[in-house]
Structure formats: C-alpha cells, structure tokens
Amino acid sequence: METEVKEAQGKIISAENPDIVAPADWQPVIMGILCNWCSYAGSDLTGTSRIQYPPNIRIIRVPCSSRVDPWFIIKSLQTTADGVLISGCHPGDCHYISGNYFARRRFLVTKKLLNFVGYHENRVQFSWVSAAEGPKFAKVVAKVTEDIKKLGPLHRYKKENF
Amino acid sequence: MSVFIVETDKAGLQKFYEEIIGKFETYAPVEKFDKYDYKKVSNLSECNPDSPIETTMSLKPLFFPKTAKIMKFQEDSSGTTLSETDEDPLAGSRVILGVKHCDARGLQVLDQVYNWDYIDTDYQKRRINTVIVSTRCDKAGNQCFCTSLDYDVENSDAHDVRIVNGLDGKIYIQGVTEKGEKLIKSSSIQQPASDGAKDELSKHYKAFDASFRLKMNYTEVNAKLQKLFDSPEFETVSSNCISCNTCAFICPTCHCFKISDEKIKDTGVRYKSYDSCNNGYFTLMAGGHNPRPVKYRRWRQRSLHKFVYYKERFGMNLCVGCGHCAISCPVNISIFDVVNQVSKIMQ
Amino acid sequence: MARVGVFVCYCGANIADFIDVPAVVEEAKKIKEVKISVLYKYMCSDPGQGMIRDAIVQNRLTSVVVAACSPRMHEKTFRKALSDAGMNPYMLEVANIREHSSWVHQKDKKAATEKANDLIRMAIAKSIANEQLHEISVPVTKRALVIGGGIAGIQAALDIADARIPVTLVEKSPSIGGRMAQLDETFPTLDCSQCILTPKMVDVASHPYIELIPYSEVIELDGYVGNYKAKIKKKASYVDFSSCTGCGACTQKCPVKVPNEFNMNIDKRKAIYTPFPQAVPNKPVIDATHCTMLLKGKCGICAKVCEKGSINFKMVDEVIEREVGAVVIATGYDLWDPKPYEEYGVGRYKDIITSLEFERMVSASGPTNGVPIRPSDGKVPKNVVFIKCIGSRDEAKGIEYCSKICCMYTAKHAILLHHKVHDSHAYIFYMDIRAAGKGYEEFVKRAQVETAATYLRGRVSKIYKKGDKLMVRGEDAQIGQVVEVEADLVVLATAVIAPKDNPSLARLLGVSYDKYGYMSEAHPKLRPVETAKAGIFLAGCTQAPKDIPDTVAQASACAAKVCGLFAGDTLKKDPMVSTINNEFCSGCQNCVKVCPYQAIVTEEIPLGHGSKELRTVAKINEGVCQGCGSCVAICRSMAINLAGFTDPQIINEIVAI
Amino acid sequence: MCKVDKIIDETPDVRTYRLIMNDPARMETFKWMPGQFVEFSLLGHGECTFCISSSSTRPGYFDCSIKRAGVVTADIHSQLEEGMDVGIRGPYGNWFPTEEIKGKNLLFVGGGIGLAPLRSLIQYCIDNRKDYKDFTILYGARTSADMCYKEEIEEWKKNPSLKVILTIDKPEETWKENVGVVPKILEEVVKPAVENTKVITCGPPIMIKYTLVSLDKLGFAPKDVITTLEMKMQCGLGKCGRCNIGSTYVCKDGPVFTYEQLKSLPDEF
Amino acid sequence: MDHSKQIQDIASKLFAENKIDYFVGYRQNAIDDSQVPYLISDPAEIPRLVFTDRSVFNLANYLKPEHTRRKRVGLVVKGCDSRALNLMLTESQVKRENVYIIGICCEGVLNEKGEKAQNCIECVMPDAVVYDEMIGTPTGKREYIVNADIKELATIALEKRADYFEDIFSNCIRCNACRHSCPLCYCAKCCIDQETSTLYHGANTSSGAMHALMTWSLHLAGRCVDCRNCEKACPSHLPLHLLHKQNESVIYENFQQHLAGMEKDDRGAFYKYSLSDPDDFIL
C-alpha cells in the first residue's frame, strides 16, 4: 500500500484523499456501538481472555443493534470519530427476536448513502459478534482500526472548528 | 444625489468590470445547479453581469448571512467566559456587480430596521464597505411589479452605480451616489456622456416600465389593506400555501431571525440564523400560547407586515416587487396576487 | 447542575497494572460537573461500596460513575449501593475500564490510560443526562389459563392449582385426556396409560382451584402479562351439563352412527356421545354435524329418553370471558397423513395402518378389545411389519425433523404385539434407533431380545400385494441386500406434526411459531418454557415433539413459571422501557409494526387542548415492553425514547471524547 | 455575565434566581425600571426573556422569577445552580409609567407568575411610598401552593399602608382568604373606586381578558389600565421580528401598554 | 394529456352528491403557464380546475391535517402521487373513507424548461395505484431504471463526489421547504426542524445541513415515491433527488425489489425485513 511507503517518511497520507496528511503517530478515534447481549458480552469476553487489540475504539452500549439510529453514525463522524463500528448479534440470535434484521436493512442503506456522499466505505463498518466470539471481536477491531488508519483523519463536516 | 454619467460600449463595459474585479473583492451572479446566486468572482468569465439575471437568493445573504456567529463561550470549572467570534464582518471594500435594482432597494429597506434604535454594527460595516453596481433591467420579468410600489425605480438611489444598456446601442454608466461616482472615476472609462444621455436613460426607462404586466395601485392597496385585518379572504388565498418558508428565506427584505446555541462539550457558539413568520413555531411561546397558530394568520402577518406595518413604522414598503418569492414558491403563490385579491374583495 | 462522583477501581492489579489510575482520577476532576473523584482497590467490596454511599451523601451527588469492570458484572451491585444511599439506582453509569481497556491493552499503558479517560468521560456525560427511573410494577390477575387438556395441560393445571392459584382449563374436545388417553401402555415401563392418566383427569374435575371448560376454544386474547383478558367460545353441546348425570341412556338409544375418531375411525360412535368411557367430564355431547334432529328436525330420541331433561336442541355457542395473568399453551400434536407414500400402497391396501390405529387396537378398551386385527378380513395378524420414519426425517415427502417418539413406541408395539399374539413376529424397518432416555435403550433391547423382533436397517422401497399378504420389499443395509418380508399387517410410524390450528392460535395469542407450526420458545436453551411474549408459556408437543416424561416435566416447569410470576401482588420490571411523547407522535404506527412483542398499541387523544376532534397516537405498554429500542430508532419524529438509552444520553456519549 | 447568588423556590414550578453581576462596577451602573426585561441565557441551552422581578430601589442584585414551561426553562430549573454563570443582556423594553401614576391610588391585579413584573413595581412604589396614595394588591393563583413570593406577601400584609387581597381558584382546607377567580373577586370583594385610580395588571392571558372586562364594567377608562404583554421575543432589539404586533415591536414599544393602546393593535396576542 | 373536463365533471358530481368538503386540483397560474394547486370548497370555482402535463405538484401533500383539517377531500393523483397517498393510508395519516381519489394514468409532466421531467422518464408506475375513479388508459408497471445521475456520480472519484456533495450541503439554507412540500413528511414536529428538535440545536452550517438532509433522506428511504416535490420546492435548486434515488436503488436492488407505496398496506422498506437480506457487508 501507498500508506506504508509514506509512513516511512514520518507521515500518514490518507488513502481517501491524498491532501490529508497526518503525523505518523496519529491515532484515529473509532466509535464502537455494541449491542448489550451479544457484542458487548463478546467484547467483555475478549477482555477476560486477555486478547489484545488496538486501543482506538470507544464503546457505547445499547440494548440492541436496532436501537442504533443512523444519525448516531452521522453525529459521530461529525464530532469526535474518524470511523464507526457497529456490532450486534448474528442474524437469528437477536435477544429481541428480530431487532438485528431491521437494523441490518438500515445499516446497508446508511453505509451506501454515506459512501455516496463521499465517505470512504471503510469509515463505517458493521459486524456480527456473538457473546462467544471474543477473538472475533479483537480481529474486527484490529481490522477496522487498520482500515481507518489508512484513511487518515476525517476533516469533512467536522464541527469542532467553531 | 450624483448624476455623473459616462458612456461607453460593450468592450468598454467589459473593461470596466475587469478593472473592478482586478482591484476589489467582487461578487456577481454565478451559475450553480441551474440557478444564479451572488458569489465571489475572480475572473469576468465566471459571471455575466451585462444583463440583469434573476438570482434565486437576493443580495441579502451578503449583508445578513443565513447563519452568523454572534459569540463564543467556553465553560470550565471556574465559570464561563465569553468571547467575540472570529467572523470577519468585512474589512476591505467590495463591489457587487450585476445587481437588479429591486435587490438593491431591498437593502435600502433593510437599512431602516437595522439602523433604528440598536444598530447592527456587522451589517452596518458590510453596507458601508460595499459598492453596488446595478444593471437596469431592459424588460420586466414575469413576476416583477417593482414599478407599482412606493419608490421611484427610475431614479432609485439604492445602488451606487447604475448601468443602462441604452436603446441607442450605447452603454451608460451612471454614478448614483458619491461612492459610485468615485468608483467610476477610478476606472479608465472616462468618456462623459453626451447631452442626450439623460433623455436616452428616461426613454430606456419608459420602455422598461411599459413592459410590465403586473401593475397595482399601491396607495389604494395600502389604504385598503389597513382595514382588512379581519378579512376572511386571507384564509382563501393562503389555502394552498404549504408553509415551507422559502419565500421568506429568499426575500430581499425579510429579516426575521432566530438565535440558537450549539455546544459541544464545554465550548459553544451562539448563532443567529434566518427564520420566517410563516413557520408555525415562530411565535410559539414556552407556555404553549401561540398568537398565530394557523396558516392564514401567519399569511396575514406576512402580507400586512410587508404592505402596511413596515410602511407605517419605517416609511418604506417591505416588499420591493422583485418577484423572487413567486418564482421560488413550490406552489406558485405570488404575493402580488394575494394582496391584490384581498384588497379587491372589499370593492 | 449535575453533581457527579467518579469512583475508579484498581481491581487489585487487574486495572492498576496497565492503567495509570491516579492520573485517570485527576483527569476526571477536570470536568466541571465532577465533584469528587476517588480511587480504591476494590470498589465492589463492602468498604468500596461504603465509600460510594458516603460520597453520595457528603457531596450531594446527582449521579455516580464507577470506573471498574464490565457493567454486566457489577452494575446491580453498585445500583444497590446507590439506592442504599438514598439515590435513584438508575443514576449510575459504569465505565468499563477493565474488560475494555486494562485487559486488552496490556502492552500500551499510555493508550490504555487515554482510553480509560475517554470511557470515563463518556460515562460522566451519559450520567448527566440520566433520568430517575423507577421499577415498573404491573398488577397481576392471579389466574392461569391452560389451553389444551392433554397430559401437558392436565399436569400444568394441577401443579398450578395445587399452589392455590385458580386455573381455567380449556379443552377443544368434549373430554380432557388428549392423546395419552388413546394410548394403551407407555414406554419404557409399560404401565397402563389409562391407569396413570385417569386419576389425574378426575383430580382436574374435582379440584377446587380448577375450572374446566371442555368443548370450547380460546378465540381472543387481549392485554399483557399479568393482565390478559381471554374470550372463550363454548361450543354448543346441546346437553345441559349441570343436570346431566352421565347415565348414558341417550348414547345407547341414539340411532345415528358415526365413525369414532377417538378410536381412529376403526369403529363407530353415536351422534350423541362421550368420546370414551373414562371421559372427564363424563357427559355426552351432540355432534351437530350428524344429529338428524339438528340437521333435519327429525328424531329427538335422546331428549325423550333423558330423565333429567338435559337435552336442549336450542343451545347455541356461548362466549365467556376470563381475566387471567398467565397462559399455558398445551395444544399437543397431530399425526402426519402418510398419503404421499404411494409406493407403499397407502390408501389402496387396507392392511397398512398407522401406529396410532395399532395402538387403539391393542388397547384393552379399544374397538377390538385389545386384539390386533387385519382391517381387510378381521383376522389376527402373525407377521407384522413396522416401518419407522414415515414422514419424519424425510425432506422430500414429509418433514425434516425427527419425531423423537417413534423409535420408542415402535419397540413398545413390537412388545405389545408379542403380548397379545404370542405366535406373532415383528419386523421393524428403521433408519436409526434413537433411544436416548432413562431406560430407553434397555427397552429397545427388550424388544429385540425378549420379543425377538427383527430389526432391519433400511428403507422400504415398495409394498405390493400378493394374495392376501402384503409383500414388503426393502433393503437391509447391514447385509447390503434387498429383503422381502411377507406381512399380514403393516404399521407405519407416522411423524408427529404440530396441530393444524397452531398458527392461527399463535397469531391470536401473539406468540411466534416456527415453519412447522410449532410454537417458538423465547430461547432454545435458557428459556425453553417461555414464549417471547411475557406471561405465555409452552408445555408439551405444542413446542416440539416430546415423549410423556418430557411433556410432564415441561408442564411442571410451566407451573413453576406461572407460580413465580404470581408470587407477588405486582410484577416488578426493569424500567428500561420505551416511552412516547404524544406531542411529537404523528401516529404513523410503524413502531407498532416493528415491535417484536406487540407492546405498542394505539390510543386516541384530543387533537388539541380541550378539542373534541381526536387523533391517533402510539402507546407503549410498559408491562410488555422489553426495551430493545427498535421502535426508537425507526421513529422519524423522535417521539419515542428508551429510558436508560435516550437520545440525549447517547448524544452526550458521542460528543464526550 | 452574572452569577447566581441565591435560588428561591417559590412554587413547585417557579423559582426565583437572585443574580449579581460578575463585574461589580457594572452591577453598580446596571439600572432598570419596573416592567423592563432582560435576555437570560443558559449558555448552550438557549436564551429566554424574563422580566426583572425586583426593584432597582433595592440595589446590589436583581431577581428573575422563572416558571418551568418550555425546553430552556426546564433546563434552567434542572441545571442552574447557585454559583453558576448566566448570560444577561438588557434591560430592554419600556417600563411602567412610574411618573404618571404618582399621586394616584394604585390597584395591582396579578395572577400566578404574573406577579413578577408587578412585584418590581410594588417594591419600587413601597420604597417611594410618599409619592403614591392608596395601595391595593389583588393576587390570585390556582392553588395556595402556586402563590409566588409567599414570604414577601406576608410582609406586605403586615405593612399597614398596603391592602392585600389574596384568592385561589378552588377551595382548600387550610385556606382562610378568598376563593374564586380574580375578576370575580375584583368585582365582588375589592370593588375599587374608579376615581383617581390606576390599575396595573399582569397574569395569564385568560385572566387578563376577563379582568379587562370586569374593569370595564367597574367603569375604568382604558387609559387607566396598564398591563404588560407576553410575546415571544428573541433579540430584544427590535430586529428579529418575532414580537411584532402590527407595526409595534413589543420588545421596544412594550411590554407595558395601557388597555387603550392594546385596543388599537390588531388582535394577535 | 388534458383531463380538465373529466375532472370538472367529477368534482361537480362529488359536490352535488355531498361526498366531499374540499376538492384539491390544479388551476392555471394567472401569470405564466405553470399551474397552482387549488383547494376549493365552493362548487362555483370548479370551472377553473385544469389538468394537463403542467400539473406537476404532488397534491397528496394537501392531505396533511394542517391543510384540510381531516375533512372529506376529493383529490387528483398521478401515478407517483398515488403511491405517496398509498403510504399515507398505510401509515394511518388519511382515512380511506375521507378521500375520493381521482386517479390519472399519467403520461408524464413537464419540467420548467418544457421538457419531460426526469422522474417521468424513469417512472416505474405512471398509473394511479389507488383510486375511486380512473382517468386515461393504464399502461402498467414499467421496468425499474437506476437514475442516470446516480449512475454517473457512482463512476466519479470518491473525493470529487465528496466535494460535489459538500457544495450541495453548503448551499442549503435550511428553509425546510423540502420537508414541507413532501407529502410523507407529515410529522407534527420534525426532527430536523431546528425549532423543536432534540437533535439539532445547530445552525445553518454545511455540517448541520448535511446531518439534516441525510437524516431526512434516510427517513424517506423506502418511502420516497420520486414525485420531486422537494426538489421543485428547493429555492437553492439542490439536486435532492440524488439522495433519495440512491437510497431507492440500494433498496430496490437488495430488498426484494421494494418500491415505495406500490401496493396497498405495503410498509416502507425499513419497517419490515427478510431473512435473506444481504449480509455480506457485515464483518
């Protein structure tokens, strides 16, 4: 990847937009929104199993992935986050019977729409992680972090510059 | 009022514009998404100020932006500190080209409300530092009725420089105010107009005036509307309004705004942004009382404010007859129609 | 302004080794709402909780953030501490700095510390938007409704009633007893089905806490857990049960003969009948589809012979209402119709029968007085072929699942055949023998050894008639050869299927059902008795095929659940439920459509203050809502919020970093 | 910027916030007249208009009484604590004609939170007692718990130069004063003399409406009836256009109007 | 396409039989050749009713309570309008017995330039899908075409596309004309309305507009019927259809070819699900 070359020169250059350059020690912030019954429990298992993963994710607990309104994602991207990871129960395993099926539809459309208006598709990612999948959670976080590091910091539509 | 006139031709006018663009921060109608709006230009090729162009938004946003920061604040454990915003109200001077006279008149009307009692300094600064170069329309647009209102379109002093494409093929550049005169004098176009220029201008105006389809008797309308507060006709004419507020946002003279705070963590900004009296929440009070809860009441406020109240208070009609609202209205309501219809009912 | 206390836990070395906890404590102090920020070795210990309690009182805290292990671990502990200190327990937020930081970033103390700071900031921000919540208590009607009077329904009703909780038992047919009443003996002990069942049936009839409503169906169920209202249709029986003594004169004199469904249509019953001699209640009903008096207005013999004058031809269906707090569904099962097995000659050859028909024949009280016969000529069969997995495990013709009981009852049938016809021989074609269960494997062995039944592993490919015998051609997979058996009688072990009314019943009760029509349990492992709808439970084959011991166990489990539900005067519920702001609700009712629990209904409210016009808005039933938040996210006008996870709380969390 | 010095719970949903400017010099020069209002901001939550409910004759602080009614006021009630900062702009608007009413009998008619602007004027008049003749205060509230400034009312009652009449809408067991809506009490109990009297009234719209009718009946001339108007305001500077009634800007030309002036305005408040 | 006469006849009949309190149609604009939505309660006004290929505005908008106050309404709907109406019926905003629907088999309407409008070229259902009376000859459902602009935008580089959209969002003046003109934005209080929202205290900045327009378009995802009322209303002429068509194409492609409001009682795409919805984008 191009990114790796540039990193050697002490800079991260965004794969999304070459104009965005960040110092090599730049760390993205990833907003993780996890459902209580599967993914949050899974992430707890990652902890109890002492599986190590990158420290960039900040986790918000919600009862079900269906609680996630698309504007959580937009709000995150506009304020604090460089990327968003939303995780829920595997299809069919939803603690609330059908919540993740409704959520899945919304996520697909939201992801495509965000991509359409100019967010790289890797900025917003989704995963199914069950309560037993501690190692998977670590893998997912590592992948998402890696993806977003390549994209560099998110500047568009940021509200922090008052 | 200055009556300094120079005459030139097409090429001369181009040169005049180019010189301005070279010297000043210049704005002109620029095309975007199939419509025109005033945007900063750095090259004459980006715009076409020769003939007046119907812009969607009026000149208003250049003086009274759709959103402006009023102040910033920062909270910490010791308390709250306020600070000025970094927004620059306009330091140097700028020139706006290709303005229609109705838009310019809009500013003149706005001056009244901004300069009574408390003076809005940001607005004031922008006004003082701007030179408005208007191009007189050759003929009326479909929705125009500026000549029917309470101001003298022919000799309007709302703009600083007027450019007229004379019927004789010459182009006249007329300095209307001192600011305008100075602008012309600083340019290289210096051929004074011939004696016939004034006649030529008035001939042009007559032709322009004759092209209007929409005419009303302003004095009569104004007088009638004053007595029509309880007219049921307001309900009829507003029935197909969808309360979308477009008219107010694009109106050159609508000046209502709201104040809102936005805060992220401990810092925040207070904004002032456009609002509209057609909005149902506009007058809704915290206790739930709303003096204008239904559509027709809001329409009544809008029409009467435009044609009666403002005149009563500030001596100018709040509608300048530009027709922007009728063009942008999704359901094609025209305020000309509305006031005409309401006032006719009385006869 | 909010006054927040932050309590950071070392968790021994678990957190302190990988996170610079003192720095975290200092960082939290920088937030203006934070009034106290302290550190302790084990927050969850008694002294740790004491610290929290004292700090709440001393600093007049409005909310508390504990930075420690996962909220899934100790949230309840800390909530208790809050309420002990007189604070609303839901003003607590837990920042998970152990599972989410110290344990997973052990190599990077700086990053782990930073992350802990952020997690605490988020928790503080969220806690500021927390609202005081109170446990929801829902009043309970202490009466249970049991649908279905088979062994599952009987057991559940008796167990609940024994706890002195009134039960309404609704049975579709004229008598309770269900499938078990049709059985002769039961595996693996071969005790007589009637002998163990009928005492229970009598108990039901005489139990002071059981109201038995036979010959009736549930047609409507409204309400929610603790507060259901059921409408029950009592079908017209044309017999006044209160005066009828069950003498049986009417059934004897009735001239109309009808195939007897209790005996699998092997013999006939009358148009006025009791299904079987031990029926409970032992009162006859008139079969309106066959009674000539009801059909044509001629006859009326039964009315003439009835000394009590209990016959009433003018009786009509009656709908009664019962308020109940819980419902047990025990609708049992049906048997699969083996018609698709054309190659076996099903329907063409009279001597191919189903196992339940065989069961009725070998029953001592059955139509043949306990002797199996060939339907074609009434002779006692010698060679009997049993074929298992008819319909079961057969995706092409039948259903995918294993019916679970066929292996065992076929073994039982082999033994029973041997008992009834000593010189007979049983051949059993099977795919696998599934005999998991107490005493089951031994029972199969007994069939194989004691009765010398021939077990042939393989599918039967064809049955054809040769003389008055049936030739059964199949493959013996163990020897790899085609075998042919000459049979007097062929018994098909047909699959167990869900009753055909299950889906419609499920819909009216508002519970979900699977693709086979079985009612769905809330969780296949951990909540096998509950449905997803609170207060509705499942017993027996209505959920999936089961044998009698499993059914009875599940029925008793249901009873335990019902008794648990009724233990208090009110039901206590987590307050994390959705709430609707009527002002914002536009009544589009999409929330109603996405709610998995039917917890949302609509109500009419005045259009404005004192207005007579009405508009429709959604209304959440707190008693039913489980707090998933599906409705919140789909509500476009943001009229719904989920307590504990409100929009402001989540906005605060998002922007807090 | 001002600091909240003290918060007084008046009723279950009304609180009085006593405010002191952070800059003592500005507090010194901050002068206002009864009836004027300020723009009160809880930063990040929004700005609201409140009248000052104390009198500048009692310097060093000023009071704002705030009823929980909407989003911002709810935030103020839940978030604002003693010692916190609030933003204040003002004072804006006109004031009660303190000069014009000199030497007259004064009748104050207040309802609910409507006593707040009156309180400012009452304090002002008490502190300049010699300038005015008879004082009557009629104050009504929905219940006894909804009465604002209970302690101060007690003080007024003790003051021999004031006549204080209280009423609540519905009877309560421990209530010893009048029962009934304000206009009724006005007509039946107060029976004010019309001669040389100015009436100053403020309260909920419905109360004002019927009080004006009663006053008409009692023979008061519209010019002798003074009220303050409630209208949505945001800028306080005659710019934002919200408080526009006809050609009048309530924030500049009001909020104090005589009944006579009100009659000339379009019926939109 | 001129159905003025038929509509006038039906309107007179409805008034004569006292079946309606209001009739909503179009009349000729006095000033130019455009048409104005026309709400009449007086049969005397009927002769002014027209319907031609200039009858653009989606009249279902006038079924919102603020306009016709839950009275009985006679209404003219084209194909797309009727789909919106269908959704309003599904979402309990309108009582079926309160509307008398005159369905038009639409031949497409003209845009401001006098050309056939883009949404009419790409129209999937020109005939009214719900009606009491039908005017014209039904031509039936057509094949779904992915919007030409979407296709084009999808091919350009991400960063360019981002710039393009940032430009769109920064030109938004937050006048809310789009939502007011949308028949399906009937919420009593809108979540993107700055005045009442718990979500936006924000100002008219491009990020505020982006948040608002994105949320708005997601609320219309699987419900938008492509009548383009919003786009016509937008004073800034923003190509709002891009957002809606993008969502529509994703939904059509992935969720059993769902198109909003085509069938009676068919809910929006987000209020139902299928077990076979795509899962491959999820890690």
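For reference, chains read A, B, C, D and E in written order, and residue numbers begin at 1 within each chain.
Everything that follows uses one rule, which is that contacts are C-beta pairs under 8 Å (C-beta built on N, C-alpha and C of every residue); 3 or more make two chains touch, one makes a residue touch a chain.
The model shown is predicted, which means the values in this text are computed figures rather than measured ones.
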Interchain contact steps from chain B to chain D (minimum; 1 if touching): 1
Given chain A and chain B, the chains that contact each of them: C, E
Centrality ranking, top chain (CA atoms only): E
Maximum centroid distance from chain D, chain identifier (CA atoms): C
Selected pair, greater C-beta contact count between C-D and C-E: C-E
Whole-Å separation of chain centres (CA-atom averages), chain B against chain C: 71
Between chain E and chain D, distance of the C-alpha-averaged centres to the nearest whole Å: 49
Distance from the mean Cα position of chain E to that of chain A, given in whole angstrom: 35
Geometric centre distance via CA averages, chain E-chain B, whole Å: 32
Overlap residues in chain E, where contacts from two or more other chains coincide: 199, 201, 205, 270-271
Overlap residues in chain D, where contacts from two or more other chains coincide: 46, 84
Where chain B touches two or more other chains, by residue: 69, 75, 258, 260-264, 268-269, 284, 288
Contact set on chain E toward chain B in their complex: 29-32, 34-39, 57, 61-62, 66-67, 167-168, 171, 173-178, 180-181, 193-196, 201-205, 229, 232-239
Touching residues (chain side chain B, partner chain E) in the complex: 32-35, 37, 56-57, 66-67, 69, 142-143, 213-214, 239-240, 242-246, 248-250, 258, 260-263, 269, 271, 273-274, 276, 279-281, 284, 295, 326, 328, 330-334, 337
Complex interface listing, chain C residues touching chain E: 583-590, 593-594, 613, 615-616, 634, 636-638, 647-648, 651
Complex contacts: residues of chain B adjacent to chain C: 75-77, 264-266, 288
Of all residues in chain E, those that touch chain C in their complex: 65, 70, 91-93, 186-191, 197-199, 219, 267-268, 270-272
